[in-house]
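All chains are identified by letter, namely A, B, C, D and E, in their written order; residue positions are counted from 1 within each chain.
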Amino acid sequence: MQIAKVRGTVVSTQKDPSLRGAKLLLLQFVDEEGQTLPNYEVAVDSVGAGVDEWVLISRGGNAARQVQGNDKRPIDAVVVAIIDTIYVENRQIYNKKSQDR
Amino acid sequence: MQIAKVRGTVVSTQKDPSLRGAKLLLLQFVDEEGQTLPNYEVAVDSVGAGVDEWVLISRGGNAARQVQGNDKRPIDAVVVAIIDTIYVENRQIYNKKSQDR
Amino acid sequence: MQIAKVRGTVVSTQKDPSLRGAKLLLLQFVDEEGQTLPNYEVAVDSVGAGVDEWVLISRGGNAARQVQGNDKRPIDAVVVAIIDTIYVENRQIYNKKSQDR
Amino acid sequence: MQIAKVRGTVVSTQKDPSLRGAKLLLLQFVDEEGQTLPNYEVAVDSVGAGVDEWVLISRGGNAARQVQGNDKRPIDAVVVAIIDTIYVENRQIYNKKSQDR
Amino acid sequence: MQIAKVRGTVVSTQKDPSLRGAKLLLLQFVDEEGQTLPNYEVAVDSVGAGVDEWVLISRGGNAARQVQGNDKRPIDAVVVAIIDTIYVENRQIYNKKSQDR
């Protein structure tokens, strides 16, 4: 999985019927120091992530379809977790609480 | 999924029999600010996308085969939605209507 | 799918038994203007493509196995179509006939 | 599979229910000479890997779900082995024992 | 598939149980002119490839599991063929025999 930051949302009315009701988040990848990278991904959210939160994104259709409700959707990326903390060599480099405003 | 702009079409008569009737779109990736990127993809369209529209593209054969009619096709990319609007941190950065000519 | 140009063939006698009879093409990717890119791929051909022809290549094992005869092969790339024409914004940028010598 | 070094852990409480109990490791890729690369991956551990160990990481949801306990998880990366030694042209370039402190 | 050169082996005792008996090769990618590229991959060998041989590597778990004995292994890369010859536009650019010492 990759670490990404929720930046916004994508809205579509003309889409594959299976996508009705799917919340599409625009995610920007970040490196493990929290620097934003130029890459982004649009993923289906099923954990209730909001703007500025750091999440784990899982890619590939086979992975995406394991999430309940996604099993027939033609999607290749899902948000599988909202990150609380990241530790590198026992040093805490990210903490969701200290980011909240 | 990635955001891409429809640039054109690809036509083929000598192809895998399962691809008969499939509309093949040439898509160019755009970044979240709408700048076109050098990468492109040829994808099967099933939502009726036209030239210059912004779409969501889903990649990987497992994802592509979830779209009705594609379940036996040897394809690795499909257009799954035409984008209406993109919001980044509650700012609207793309609106299909204001792009229409 | 990606656009590629057939450059040559790869021959192997010591291989997975399922690959017997498979024709392995060496393909070089081209961008949508026809410029050759440094990347290449070896793919199984099932549409009868020849050297210098432009083809569509589909990648990922799940996609590759949809082609008849490939369903048990450990392959990750197949040629699914020989391209006749490519249109970008209604301008024809490639035509197989005008390339033939 | 790719060679990576265990750097730390990622903790999440709000996540896909299937991920309960999964240990999420932050892994940094290394090249075959052991130089750390800028890329990282978050993977589920099932072999008991610890910080600073070199491991093999397997990616893609279809691969990840072959590990016992992962068959219904929406994950795209798993640690499948802790590396003992790496030989290049019969020269030993990595040995876990000589790295232990 | 990609063309790679066998560089060495990776040894692991603490690993997913399904990997017992699997031979793990360290492979370095080469371009079609035989120049070694910085990328490498660790793949399961089932065709008996040795150091310095050129092979075809197939990636993606779905492809890897088509090889007999691999159907339950959490792997994402396999060696599927040892290359004898490569032809580009009818010119032979690689011949295994002339490489043997």
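The rule is simple: a contact is a pair of C-beta atoms (placed from the backbone, for glycine too) under 8 Å apart; a residue touches a chain by one contact, two chains touch by 3 or more.
Not measured: the values here are computed from a predicted model.
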Rigid-body rotation angle, chain D and chain A, from Cα fit (steps of 5°):
70
Round to the nearest whole Å and give the separation of the Cα centres of chain B and chain E.
34
How many angstrom lie between the centres of chain B and chain C, each centre taken as the mean Cα position?
21
Junction residues of chain D - those touching two or more other chains:
60-62, 64-65
List, in order, the chains that make up the ring, beginning at chain D and going on to chain E.
D, E, C, B, A
State the interface residues of chain D toward chain A in the complex, per the touch definition above.
7-16, 18-19, 24, 26, 28, 38, 40-43, 51-52, 60-62, 64-65, 72-77
List the residues on chain C that touch chain B in their complex, please.
1-3, 31-32, 46-48, 56, 58-67, 78, 80-91, 93
